[in-house]
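Pasting the structures in now, so scroll down.
Next come two complexes built around subunit A: one with subunit B, the other with subunit C.
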Partner chain A sequence: MSTETAKPPLSAKKPPAKRRPAKVESSWSIMDRIGLGLAWAAGISLCVVAGLIVVYMAYKGIQYVSWDMITSAPEASLDQSATGGFLDPILGTLLLTTIGIVIAIPIGVAVAVWLTEYGRPSGLARAVESGVEIVAGTPSIVLAIFGLLIFQQTFMGLFSFTAEGGAVFGRSFIAAGAMMSIVALPMIIGSTREALMSIPRHVREASYALGKDKATTIRRVLLPSARSGIATGATLGMGRIAGDTAIVVILLGASMTISPEGSGPFGLLKGTGSTLTSYVYNNSPAGEGNAPEKAYAAAFVLLLIVIVLNALVGLIGRRNKPQWN
Partner chain B sequence: MELKQEPHNGSAPAGAAVPPLRRIVIEAETAPIHVGDRIIDQEAFPDPADGALIDQEAESAWVEQRMRTEALSIAYGGKVAVNEVSLEVNSGEVLALIGPSGCGKTTLLRSLNRLVELTPAARRTGRIMLDGESVDEFDVTHLRSRVGMLFQQPNPFPMSIFDNVAYGLRERGSKRPRKKELEPIVVDALERAGLWDEVSKNLNHPALALSGGQQQRLCIARSLAVSPEVLLLDEPCSALDPISTAIIEETIVGLRSEVAIVIVTHNLQQASRVADRVAFMYLGDMVECGAAGQVFGAPLAERTKEYIGGGFG
Partner chain C sequence: MIRDRTDRRVELLLGALASTILLLIAGMVIFVFLKGLPSFTHNGLAWFGGGGNVDEQLMNIFNSPANPDDYVYELRAWPLLYATALITFSAVVISTIFAVLSAIFIVEFAPLSIRRILEPVVRLLAAVPSVIYGLIGILVVVPWVHEHLISEERKESVAYVIQLDGTSILVGILILTIMICPIMIAIIVDALRSVPANWTQGAAALGVNRWRAMWTVSVRAARPAIVAAAVLASARALGEAIMLSMVAGSVGFAPNPLDGLTFFLEPARPLASTIVDNAEGLSVVPFGQTMYAFASILLVSSAFLSFGGWAARRSLSKYTLGAR
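And then the complex of A and B:
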């Protein structure tokens, strides 16, 4: 009696959930099973690497970071204990990211709209596409050098400090932000295009069928539908900007603090500064500061910013995305 | 109740070709029409011809020609999709376009509001008239606000229910009408589409949160808000469940007194339920066009007979 009543729930619950997949795999060839094992290993090791980075940086960062460090400006001093914190680099990162993304969003969205909704002549569309790919594949150090070349031209003198002899410095928040926008551009174009292409054709036609022209359809239906895609691309781009070092080192000037060039907001944009990446570089044993604990603390803050941005990407991507059948 | 479409091989017994449903719809003209589990009372129709749904002579007294195609041909590249079709679209009645897949029904429908021009390879010859004027004379946006369209998939825009219905009314000129001015039109359109009772309390909710059937009725309301003279329906129920289908059909039948309706459908039962006139197309040709009772009951052409037989039997 007791064995009879105990058995059915056990056998009814377990086999469909667990044994069936094992049976399927046991019939696989040895190569397939090795392949499956490697796929598992690859996935898990990636998680391990990511976890190690975060845990190590958190361990080192929390050890050294302090409220004081985040809220005080860097000071030039030979005494390590008197070199201050990294408030300016944090502000610099935020400012530079904002400038870069503000320039990149309209251009990126415009390119994506043109590619998906117009894209004619097709030769030009292909050229634009490969242009985007080339920009995406260009190392940021190359963009930085190129940017310096442009912003050192005399007619670009408006955007940075001009020395008495007329030589243009070419390094400023504007110069770095403009080049940073190019770093973010491919992300925005890519994810906006994807969002636009996922809108079914009949949704566009429904707008046309109500007597709307293409411009109205793009402005009132397509762009609002692609909003989450645009936001995803923008956030990814912000992550790229916040994490880029080469453009900052070359184009933002070498000052540790934010040093406006003249008064007002435009003076700030014309001025030089630093970001968390350049701060980490300058303080790490690789740079000249040789203050690894400050580098760790700043790197931890930077990592937090990037992780928050990535979390936002996931959040935005899941919400507000219109779903048609 | 979906009837299976059996392969037609001509060997079906003659008696089996006429299912009871068709008899109800076509022969018992004054009986209520069963639409799913609902009953549409024919007396409720604003029909001067004593509630007779398919009485051509009586109807011709009050139907009015809205659109007309004259020897209309449309080709995609070298492939002819619609071949020399002449057709009338009248207000006060529902015209159903039926025929096998790829016969050109949808192309014909999309040509009426010039949506077919969005396909770069499409070439058109012949004339399409709206109220005696060639559609080419119209500004295309103006034409489309007079000839509305509903699609296979419900496709509300990602905005609120109110904004969806108001979409067609806004940005017509440089001045953007205020919400207060639009409200009566939006409410009226939702009422005519039979959706008002369900959404009256949440006009600001996102339209995409509605069910599929509600979304499709919202799309009807969206089209009605710009007061079109002709409404083109491209298999409007193909993505919907039977109950939503029945409600949409009821809405269509209710609207036929105010707007000329052309419906493309693969569902012959649906055509017999909602249509006053039926046009059968085959490989781009208009094979037969006549009163629904005649086309379904006593088709003239052999092709129509075969198709109807296959569809119903």
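And then the complex of A and C:
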């Protein structure tokens, strides 16, 4: 195991290259000056927009969020002060993200390994590649109703609630989680492939020279080295899952609280629920609840989760980058 | 020998898994299309045309009798198609300009301190869930537009066809632009960074200033990446459902460019939002089939866009920036 080599020596960090400041000289034509000005304006306005969003959400969120809200379950009531908090949506988000990513990581890593290390016959590999490309571009709303189509089949009745007449409801944590894993798949495949491709040939050859076969090399050498790439992809995927609304609205059922279908952990997975995204959507003026304060509070919690995941991606990217010299 | 066999088995296993994914994707395209087929066959090419009120037609489909022979399919989907194309196209055009400028700024002109802020900012903007954009849109931007941009006269001028309440394609396009811009910036920044330094240095040696070198050499070399970014961003914009259903008005109305500036303040509803808004009706057979017809349109166009983006990026690595 090469965990030691996975950490770069401190001296390997290159100091950022110094740049010539972009000085506008008298020789610049008016068009160049306008162009430069526009570029500055674009860059600054990006910062301003992001700042406004974060500050506004934080201001509204801190104003409305309370410990009560995070720790109590939603309740149906006409009185806004009695509709409870959003404990269940938070748990729903965590549960759904976990299901999605647990399904997506093994499949994603396996497909990435096959594409980079084997990839034969090449026609099939190219087809898989373009298939992944198609999935990456598929709107999640389409995935959602495709999921409904699959999970409403009678033989899928195991995975969700079945009504008296034999009609399968098709909406459950499993159904939503399975479709969510498809959302996360392209990211995991992409970043795992990138990590695998950045491992130079001689590392593989060194392993073969020690008498290891390809499967062992992949398992003991390549995958450990690609760990940070896999983690980056998984974290990005988790961000996408936590932020997706369309699949939740269509495939998780419309119950506000987590309602297990039967007992035990499998009953929970078969049951319906909500997540922060669907909670925000339902409590916005566009949904049925119309309680902006609750929507703001839940959106703030959601934004925090996304920011933390985002920061993790940066951290993983900076640390644990193997150096091959 | 045993070793070879396990190796072969691993290869077969992984290959089988990859093929399963491929089958699943093919199955998705086929099933969604087949499920939506009745809606197309009953309407023929008129499906894509205009005529009548889409929302009324959808309502009739939803209320069609339970007897399969009496199912209503009559639909003229033009306002929805038009809204999808209009919103996607405008947002992509605006954000292409914006993204190219920002990418130039990030790569070449931003002082180190600003660049350090900008990179996480771009990543953050790309990661904010669409429902949060939608929430800000519906609670902040829409009321503002309603109060400041829509006068009483303007409301009256179109009152006989549509109500103006702030939810509009203007707000939809604006927020969609903010949502897809970061994706484009990330791709364009990568491409600009991979332009060989000697190319711009060569330009500088010929006495060209830095803006010119950037604009005439780097941006030109990165053109395929800009195309790829625009195409991928349109795939994303096409599928945006939640945010647009919140801020763009959710009315099956085709904004009329002849209304002048009021045009931008008129509501609309793209295909993806139509599906989300009508999620409850999916179990009504003909209505569900109509929704799957919408989904197959989205699926086909986003697949084409993905291929386009992929092809553009391939040409990038093949011809201009061979280093990749």
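Heads up, the rule we're going with is that the second predicted complex is superposed on the first by the 286 of 325 C-alpha atoms of A that agree within 3 Å, B and C clash if a C-alpha of one lies under 4 Å from a C-alpha of the other, contacts with A are read in each partner's own complex, and residues count from 1 in each chain.
The criterion applied here is as follows: a residue touches a chain if its C-beta (ideal position, glycine included) is under 8 Å from a C-beta of that chain, and two chains touch if they have at least 3 such contacts.
Here the structure is a predicted model, which means the values were calculated and not measured.
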- Query: Aligned on subunit A, subunit B and subunit C: do they clash or fit?
  - Reply: fit
- Task: Based on the superposed arrangement, let me know which partner A:145 touches: subunit B (first), subunit C (second), both, or neither?
- Result: second
- Broader residue contact with subunit A after superposition on the shared chain, subunit B or subunit C: C
- Message: For A:213 in the superposed arrangement: first (subunit B), second (subunit C), both or neither?
- Response: both
- Tell me which partner A:299 touches in the superposition: subunit B (first), subunit C (second), both or neither. second
- Based on the superposed arrangement, let me know which partner A:260 touches: subunit B (first), subunit C (second), both, or neither? neither
- Query: What is the contact status of A:202 with respect to subunit B (first) and subunit C (second): first, second, both, or neither?
  - Reply: first
- After superposing the two complexes, find the smallest distance in angstrom between C-alpha atoms of subunit B and C-alpha atoms of subunit C. 7
- Between subunit B and subunit C, which residues of subunit A are contacted by each of them? 213
- Note on the structure: Counting only contacts in the complex, subunit A reaches subunit C at residues 16, 19-22, 25, 27-28, 32, 35-36, 38-44, 46-47, 49-50, 53-54, 56-57, 107, 110-111, 113-115, 118, 120, 124-125, 127-128, 130-143, 145-146, 148-150, 185, 213-215, 218, 239, 242-246, 249-250, 277, 280-281, 284-286, 292, 295-296, 299, 302-303, 306-307, 309-310, 313-314
- subunit C to subunit A touching residues, read off their complex: 3-4, 6-7, 10-11, 14-15, 17-19, 21-22, 25-26, 28, 31-32, 35, 98, 101-102, 104-106, 108-112, 114, 117-118, 120-125, 127-132, 134-136, 138-140, 178, 181, 185, 209-212, 215, 232, 235-236, 238-242, 245-246, 250, 272, 275-276, 279, 282, 291-292, 295, 298-299, 302-303, 305-307, 309-310
- In the complex, the residues of subunit A that touch subunit B are 200, 202-203, 205-213, 216, 220-221, 224-225, 322-325
- Message: Taking the touch rule as given, give the residues of subunit B at its contact with subunit A in the complex, in rising order.
- Response: 113, 115, 118, 141-146, 148-149, 151-155, 157-159, 167-168, 171-172, 208, 212, 219, 222-223, 226, 232, 239
